[in-house]
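Should a chain be cited, it is by its letter among A, B, C and D, assigned in written order, with residues numbered from 1 in that chain.
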Amino acid sequence: MNEGFEQPVMMKIDKIIDESDDTKSFMFRHNLDYNPGQFIMVWLPGIDEKPFAISSFGEDFFGFTVLARGNFTKLLHNMKQGEQIGIRGPFGHGFSIPDSIKDGTGSACIIGGGCGMASLTVLIEKLQDYNTTILIGATTKTKLLFKNRYKDITLFTDDGSEGRNGYPTDILEDLHKKHKYNIIYTCGPEIMMYKVYEFCRKYNIQCEASLERYMKCGIGICGQCVCDGQMVCKDGPVFDSQALGKMSDFGSCSLLKSGQRVSLKEYGEWIGC
Amino acid sequence: MTTPNLTIDLCGIKLSNPTVLPSGFLGTSKSLLKRVADNGAGAATIKSVSFEAREGHKNPTVIPFEAGMLNAVGYSNPGAEETAREFANIEDVSIPVIASIIGTEAGDFVRVVDKLSETQFSAIELPLSCPHTPGFGLLAGQGTPESTKDIVSAVRKATKLPIFVKLSPNIPEIWNLAKSAEDAGANAITAVNTLGPGMIINIEARKPVLSYKVGGVSGQALRPIATRCVYDIYEAVKIPIIGTGGISTGRHAIEMIMAGATAIGVGTGIYQRGIDIFRKICREMEIWMSENNFNSIEELIGIAHE
Amino acid sequence: MTTPNLTIDLCGIKLSNPTVLPSGFLGTSKSLLKRVADNGAGAATIKSVSFEAREGHKNPTVIPFEAGMLNAVGYSNPGAEETAREFANIEDVSIPVIASIIGTEAGDFVRVVDKLSETQFSAIELPLSCPHTPGFGLLAGQGTPESTKDIVSAVRKATKLPIFVKLSPNIPEIWNLAKSAEDAGANAITAVNTLGPGMIINIEARKPVLSYKVGGVSGQALRPIATRCVYDIYEAVKIPIIGTGGISTGRHAIEMIMAGATAIGVGTGIYQRGIDIFRKICREMEIWMSENNFNSIEELIGIAHE
Amino acid sequence: MNEGFEQPVMMKIDKIIDESDDTKSFMFRHNLDYNPGQFIMVWLPGIDEKPFAISSFGEDFFGFTVLARGNFTKLLHNMKQGEQIGIRGPFGHGFSIPDSIKDGTGSACIIGGGCGMASLTVLIEKLQDYNTTILIGATTKTKLLFKNRYKDITLFTDDGSEGRNGYPTDILEDLHKKHKYNIIYTCGPEIMMYKVYEFCRKYNIQCEASLERYMKCGIGICGQCVCDGQMVCKDGPVFDSQALGKMSDFGSCSLLKSGQRVSLKEYGEWIGC
């Protein structure tokens, strides 16, 4: 049985923050029993319900961050402070923090891409005072999320409009030589996460990636979010190297709403990221 | 003391134990069926498949409540052709796999059966009983003896595989339907599909939670009704019954078997006790059977009728 | 902030709040109805009465389970004459009291109504819906639009009191029955009676627990189905609805009212929260209504349909 | 919600004790959460279910005592050691023990009549080491129950075949002068209990009586066991003077199985005691 809310609970939007031209954060005054990497299901009554990561978290508040993409997220963006949204969860299995990080003997790297950053912020807050490297990538300057929230971060854009030109994965080799990472956490486009995973495998580093799949139940019964025998909603969304290694769909396939298994490219065209 | 023997013969199909994954739970991919097999299920059913792909209803489609679960998934499925592809080499799954097939008219069912004919399914299940999807089940008038007979007869001609007919708990005279199905050549009855439908309203939102507003009830709420259905069907037909509805413990499984079931479905229980519920239930059955001097499932079937 | 006003007008009957004691709970004697009134109920229904006395089924007749309750009391009652005696001077009870009347044929109902004509009941309820007593309700074919019309029309001629028709959640097209009842002159619909029937088997005894083997399901298990029934009926008829089934909190009551109920029945909840559940529910409703800026029940009725 | 078993649990009869020619006790090795005065529902599968008091109680055992009267109790008497019986409960509200009794400053009297003694045994065991008078009555010698279980008891028979000739109530006045009772407990024929109650009212003594009514649900919802607005199964079976004082049916009326309210005499002819 899950902790938290089995059924959606209507919560008043306490504050809305513009994170970039197409991204907003929605803040709520509510206590949640939450571990970094878990997600909530966000319900717009009569419209639809979709999964979102929690991007801000404190004793008596939490928030999530939404990139306007399709109909649902645009409707979300139109909501005003004081209006109510349904929340159920948190669900799923979040990031783990190895002892070597907790006791300060090891070091970690966190790599976020695009709106995937939203899944990493609470983890970053937990780890920023340890030996942690933070890399954020985006297609262009205006899509770089949360770049002002943290000190000591390295930014990347595909078009070089801010930070370094290229992908966060480009400099991993150099950074690892210097920091000897015990673990690398990542969330972002699956192709990026796959590269991180391959890098980790090569250097025998633990890797944890937060996957995204279209979800229905969110509680591990319908099978919609399957990724090779794993339910992303329940066994994930965060998986470690061992699990990822067994998932041949990781970096390659996903189910559409009908259950049809398609390439990530085709899935991306349907759902975007 | 010897460990009780949980194996059953379900119209010629050998199951290592009576637990079956019912349609709609995790049955979207071969990889998940493997996982279900690894977790001790005796057999598994794929998500119901129609000829054409269906996206189903919008979210929320599934909602737990204090006495079980409400769902209106709306029969989302990738269609018969995709399904044949996904479940090709289904022999890789170590347990028998049942294909659940839906349609509006008898001909629809046959077309799906034909598309799946190359796949090594162990049986065909016909859910003539969904209470909440227009064009299918009860909403297509499939809850009558005549319609049951039509569809089963048509499918009977199209396949040599055992046919399971899945019935609705909403039909008070469920034994009539079971009898029609048996007469038309069905090899087993799956009893039951979800109940209702029901509705849960979020009072702050002032709206039904399910996007489709209503959904079928499964889980605890359904259990006594499913047990009664199995009890009634057992008195009406000779073919075996897969008792399904609210089972989450070994005691529940034994109760359903005593009512007349040969095998038992476990769906909503997965949410309550995890995917290894199949193994847990089997273990609990073994312990109870040992303590109560039962050596085989056979000895338990229908004994509440004595 | 002013306290919300919980009073309702139920086809001309004034209730201080929408909670109603449904038939079969505590309604055996005037003294218990007084107690129910003292515990905050808005109205109360007596145990269903037939013309002749009935002992009902043997024990066990009522059995709680994890999602509610199963019962097969079998309409035990002391008959119409005794009932008229027991409830003479019913004005002593401070809340409106509803007489629940059963029979096999239309004439039976009328005979009971006649016997009770001297007693100051506030309304007559006709439960055409019991799922587990031979000769009554569903087992007497009362779950059809024709039979509903027959019985209601006959009783309509026999009394000037408001008539409530109590329907079964087992009938998928419940709105048809509600419509027939309305057309025949019913003043309100009570939705719903118990579901099923269901069965619980004690596996050590290898026997159904209820002596009648099967019984109607009430409580949590019934709630989403009762809510859907009320939602459907609200769209079909203009007369008020007494929403009954699984209500045990103020939130449940508000949910049922949003689905379309004017009043709400609270039966199995008494077991779960005690006889003062009526007062508890009213208090919870008041708090929720204050917090959510509702001043009266009127404002809540059916708003989930908007 | 009740503690104990909501649904009948099948229990093996561990031992059967002959208490008299028509009375047997059935013993079970089972732990119950029980207060003196509460009752259990005893189920013979496929036959019927009836309420019984618990007459023996310990950490890992309990027993109840049955007078063979009608069909059900005769079937019970035919059961053998090792066979199973269904038990649900305990239910209801038992006897209370005032502080004056617990701290030894006061004294109590316990009056049992016929098979009503079965409801009092566990209370007697709890109170026998305090200042407690125990009076047992029966129609005749062979119906005197538990007379050998306790020391210092006074026996009565209607026919004088054992103990004193007459009713326990005959000597209450004298006893009270001597002991100054704070409370009198009673269970037995209702006419006897009514006399005890009237005596207590006269002398302003607290009284607790355990009533018997035909029961169906046993859990306070069906209204079958009603005694003037009180449910004997849930509010009772034990009631104190204040409650008894408000019950005009006490000592006079009871419901038959159909719900018909009849005089106790008529009820007794139907159900016997």
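We adopt the following convention: a residue touches a chain if its C-beta (ideal position, glycine included) is under 8 Å from a C-beta of that chain, and two chains touch if they have at least 3 such contacts.
Values in this document were obtained by computation on a predicted structure and should not be read as measured data.
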item	value
Minimal step count in the chain contact network, chain A to chain C	2
Whole-Å gap between the CA centroids of chain C and chain D	36
Whole-Å gap separating chain A and chain D, where each centre is the average of the chain's CA atoms	67
Averaged-CA centre spacing for the pair chain D and chain B, given as whole angstrom	51
Residues within chain B bordering two or more other chains	65, 200, 204, 206-207
Multi-chain contact sites of chain A, meaning residues that touch two or more partners	none
Chain contact topology (line, ring, star, complete or other)	line
Pairs of chains satisfying the touch condition	A-B, B-C, C-D
Residues of chain A touching chain B in the complex	1, 6-10, 41, 43, 45-50, 84, 86, 215-224, 226, 228-229, 231, 249, 255-261
Parts of chain C lying in touch with chain B, wherever the complex brings them together	65-68, 70, 131, 138, 170, 172, 195-201, 203-204, 206-208, 213-214, 217, 219-225, 227-228, 231, 246, 251, 254-255, 258-259, 288, 292, 303-304, 306
Residues of chain C that touch chain D when the two form their complex	24-29, 31-32, 34-35, 47, 53-56, 58-65, 73, 76-79, 82, 86, 200, 202, 204-207, 209, 211, 267-268, 270-272, 275
